[in-house]
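Chain IDs A, B, C and D follow the sequence of writing; residue 1 opens each chain.
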Amino acid sequence: MMQKLKNTYLGLIVLFLYAPIGVLIAQSFNASRYRGQWTGFTWDWYVSLLGNEDIIEAFGNTLTIGLTSAALATVLALVTAIGLRRLGHRSRLLLRGMANVPLLNADIVTGISLMLLFLGLGLRLGYDTILMAHIVISLPYAMLCILPQVLALDNVCYEAALDLGATPFQAFRKVILPELVPGIMAAYLLSFAMSADDFIVTYFTKGAGIETLTTEIYAELKLGVHPEMYALSTLFFVAVIVFVALLLVNYRVISRYRQAGRRQRA
Amino acid sequence: MDKELLKLEHINKSYDGKQVLEDLDLTIHENEFMTLLGPSGCGKTTTLRLIGGFELPDSGRILFDGQDITRLRPEKRPVNTVFQKYSLFSHMDAADNIAFGLKLKGKSKSYIRDKIKYALKLVNLDGYEHASVTQMSGGQQQRIAIARAIVNEPKVLLLDEPLSALDLKLRQSMQRELVKIKKELGITFVFVTHDQQEALSMSDTVVVMNQGWIQQIGTPESVYNEPENAFVADFIGDSNIIDGMMVRDKLVHLLGQDIPCINTGFGENVPVDVQIRPEDIQICEPANGQFRGVIRQVVFKGTVYDITIEAGGFRWLVQTITGHEQGREVGLRLAASNIQIMAKPASEDEEAATDE
Amino acid sequence: MMQKLKNTYLGLIVLFLYAPIGVLIAQSFNASRYRGQWTGFTWDWYVSLLGNEDIIEAFGNTLTIGLTSAALATVLALVTAIGLRRLGHRSRLLLRGMANVPLLNADIVTGISLMLLFLGLGLRLGYDTILMAHIVISLPYAMLCILPQVLALDNVCYEAALDLGATPFQAFRKVILPELVPGIMAAYLLSFAMSADDFIVTYFTKGAGIETLTTEIYAELKLGVHPEMYALSTLFFVAVIVFVALLLVNYRVISRYRQAGRRQRA
Amino acid sequence: MDKELLKLEHINKSYDGKQVLEDLDLTIHENEFMTLLGPSGCGKTTTLRLIGGFELPDSGRILFDGQDITRLRPEKRPVNTVFQKYSLFSHMDAADNIAFGLKLKGKSKSYIRDKIKYALKLVNLDGYEHASVTQMSGGQQQRIAIARAIVNEPKVLLLDEPLSALDLKLRQSMQRELVKIKKELGITFVFVTHDQQEALSMSDTVVVMNQGWIQQIGTPESVYNEPENAFVADFIGDSNIIDGMMVRDKLVHLLGQDIPCINTGFGENVPVDVQIRPEDIQICEPANGQFRGVIRQVVFKGTVYDITIEAGGFRWLVQTITGHEQGREVGLRLAASNIQIMAKPASEDEEAATDE
């Protein structure tokens, strides 16, 4: 009885979290353009998506901006984390705190700030400014993934490598870097997700004539009801699921390392 | 003893203004099993790290086979280290860990393969080439760490409390194995531990350290039976340590009695520390003892009984094979040869370690 | 030399993260309406903010929606976490994973989905739908804060309370709940931040005639250059700083508990 | 011994189909210090949790003072528990932790204040009322846990490896303190441990358990000196355990020799396990020994030497106070009273514990 009640509750929570997306998916297969009337199943909206050149172009932009900004943010985060490692405890805490503030700041504030900065620097808003903006918003997340691992790194492995005849550079490349792979992967994946998901920062820094998927969806929906956009959003959601699967695999790797560490300690 | 291999001369080292090692001199011979023993913070690990090249001394020299290696980088030294823990490379399997040093030196594939096979056999892990090191037990990991160090054929193997993370039974069996490996390789071992049992049962030479000073260097037997000061006596084994006065050669005044002993050369009427091991005290009839006292507590420990006896104003710890009745009056007898006389400490560094 | 290079690098990273907000703050004190020309310092834009009734109303909405949705999300997360605790390892992992998916989903997709759901259910978009939407987006974050603490709870404290004569309910109220306070606080603060910062979900679920601070900023900026909005964004940023300070204090409490735990283990 | 207080009858308990306790019978007397001793997984903690009420047996009864309490909820039982660790309420200070049970029972403020004062004095933490428990050392935390349990005036105090998280020195001093507290309170203690030294030195009665069975119940001396089977002999202390054959009463055939002993009642020509403690073996001239052998290894352990001697096809472990030379031929003598004859195990559960 108690057990049944609990399962019902947990089921309701899951429903609560997933009902919206369920409605969206349903709508994307609805033959009717209009909500509330189900006139049959159709792939039409997906098909017409593929024929829409604006969307294909926006997809390209999302992909290239995401991949590039994630790579740059990850490298910056890695170098910064290693720099922070050597700092004293107090200044490290301060810098960590400072890196976390932008995480909490409202995206709209970040977007407006970046727009003002770019315009103040005399830059023309476009692809490049989106890219820079995305690095700025991804960097704190990348730090969040990489920093704990870098700080937890034990000097012992580095010293063991020196002891066995490695130069400091060899020790870094052959011992330290491989130990950090899970954190680097997580940082890259999360940075990419931040870039691809972002709407408002992109909106303020993109200028005219260039769209990413999120701004394209927004623009089309403002013009009227577009079931193609429901289809696109559904695809977006599916991409997220795939993405989470990737993260989970990566998380497994991390936790295997962690467990091994714990066993060593025990 | 074989010829001198490693020599530390007048080493000073401090961290953040705290002196960790003070004018340390130490000579290590070829093929010696030397153990640095002391409580945490005594400077034993720092000494090892200086030899390994992971720290530089503030002043002083380190000589290897007559050559000054004080400022040589760790990767250039003819020594290898087995660390306390966590030191295996977790993204490599056992064989790749062992091969790490050899690959850097550009050895041939067949040479490396033979070496891995030999080293795994030596540490009793035949056939574990492709085992993931993260899946191994603590004892197996330390064996791989030993194998990884010795394939580089170091002249000296440094071991920094390598067994401290293992449980008692495993630690004891690894102690036996390490001694076996040492004999087979015929190289010098410098071993760091805070466990006196471990130090006594494995080493040729024990170096007892406290607060950056060497307190005593000697064989396990001499360190145990003839401690040079109260710190060593108290740190190694259970002891009764009592304030006494050397009346003249071979006679010590102790808790109101003049007791014969065998030590000479302390002078007349000099205050000394007197050490008597609990197993060296005989319990007898009150009338026959040098001291007369009452049994306060009897605790059965398995092999022996720990008996606390209050006599002459001191609570003696006595160990016996047979039990005794609590509350009974007894006598205590001390054989002259079992009384160890020690000079009073010149500085506070040599004072007996206090229980925490 | 090496040290100087490193400090320069770290300084650049901080500049990189904070330059945009610096420009925003400067602009909010610029007497000129227009970017690029500094005609003197002024408090005018802040003063005119206070006289703007729309903004005062939007602020009220942000505050009440934030406080209410955070409270509800935290309670739901706490009950769910306790429910998950008793589950088997596999189903727990599954449900944790499912709770994390919405974290990664693009906000615009969540916003569209919620809008479709609410309209599908025949609800009128307004204050209530914003509230519900904010609970949905905050819940995964609240879970993220509470769940690890609930799972790490040792049964021993509960059993010790029973052993000393407490009924199961007394043991929960007097022992378990107080141990969870840091996690509950973190969940509440983070949920509030999510609600207050959100723009796009609010935009899709708010309907006409109601604005929160973020949608109000967006709406006014679309109409033209409004330095009042720069001032408002600056205030928003200051609020974030205060908020981070609160979180840090709470984090200190958590880490003090953790350290105590670690000491016990050592 | 005082009157019976707690009685476990025919207790069975399994988890996930694995039998943890099998038909367990155990009687605990008033004012007894009973220790449940065994390796991990032997069922000792489960037994304690059954008494505390945190588990219910699959079958069997638990009687307290003649009354059936098998299904009574933990909060209603006249027992209190000191847990292994983590059990203090970290959001309360020391005094609030101690007062927790008393407040639930609605005691008066002055009563509670007096009790706290008394309990803190008892556990040697006078004046720590308002200390934060998260700031305390492990030893202090366990003392507060003990104080918190005893203020409720339980008839039986259950202790579940309370000292296992402490380091060696602290553990030994806490052992002494626990015995003192037990004497002062005059209540029954049921103590669980896997540490044989701890069990021997603290208890009135030791219950040796393995794989859900009670192997032996007795005083520390009887369990150590007269183990009833090879498991007990091996688990408690070092032992030489050898296959033998009881020829007739008082004569056992061992490694090819007929050796006199003092045991009777095993019948004639019955296979038995023979246990000889390493400290009970005398080394003598080869001609004078019952066995003749060669010294294989000598390890100095501080108080004693561990000597391995190969004789009669068996590697004997012998402990002596004086050293011996490796490689020398020696004889071994066994006094009849030091030979312990044990029946061969009826089931595999009683077999000697193997080294892991």
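Please note the rule applied: a contact is a pair of C-beta atoms (placed from the backbone, for glycine too) under 8 Å apart; a residue touches a chain by one contact, two chains touch by 3 or more.
Here the structure is a predicted model, which is why all the values come from computation and not from measurement.
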Interchain centroid distance [CA atoms averaged], chain B/chain C, Å: 56
Chain A and chain C: spacing of chain centres that average the CA atoms, whole Å: 18
Where chain B touches two or more other chains at once, by residue number: none
Multi-partner residues of chain A (each touching 2 or more other chains): none
Arrangement of touching chains [line / ring / star / complete / other]: ring
Each pair of chains that touches, named by its two labels: A-B, A-C, B-D, C-D
Partner chain B, residues of chain D touching it in the complex: 169-170, 173, 196-197, 200-201, 220-221, 224, 236-238, 277, 279, 299-304, 306, 319, 321, 323, 355-356
Chain A residues touching chain C - in the complex, by the definition given at the top: 6, 9-10, 13-14, 16-21, 23-24, 27, 35-36, 76, 79-80, 83-84, 86-87, 95, 97-102, 104-110, 112-114, 116-117, 119-120, 136, 139-140, 193, 196-200, 214, 217-218, 221, 229-230, 233, 236-237, 240-241, 243-244, 247-248
Sites on chain B touched by chain A in the complex: 52-54, 73-75, 80-81, 83-91, 100-101, 104-105, 133-135, 137-138, 141, 145, 148-149, 152, 165
Sites on chain C touched by chain D in the complex: 154, 156-157, 159-167, 170, 174-175, 178-179, 181, 256-257, 259-261, 263-266
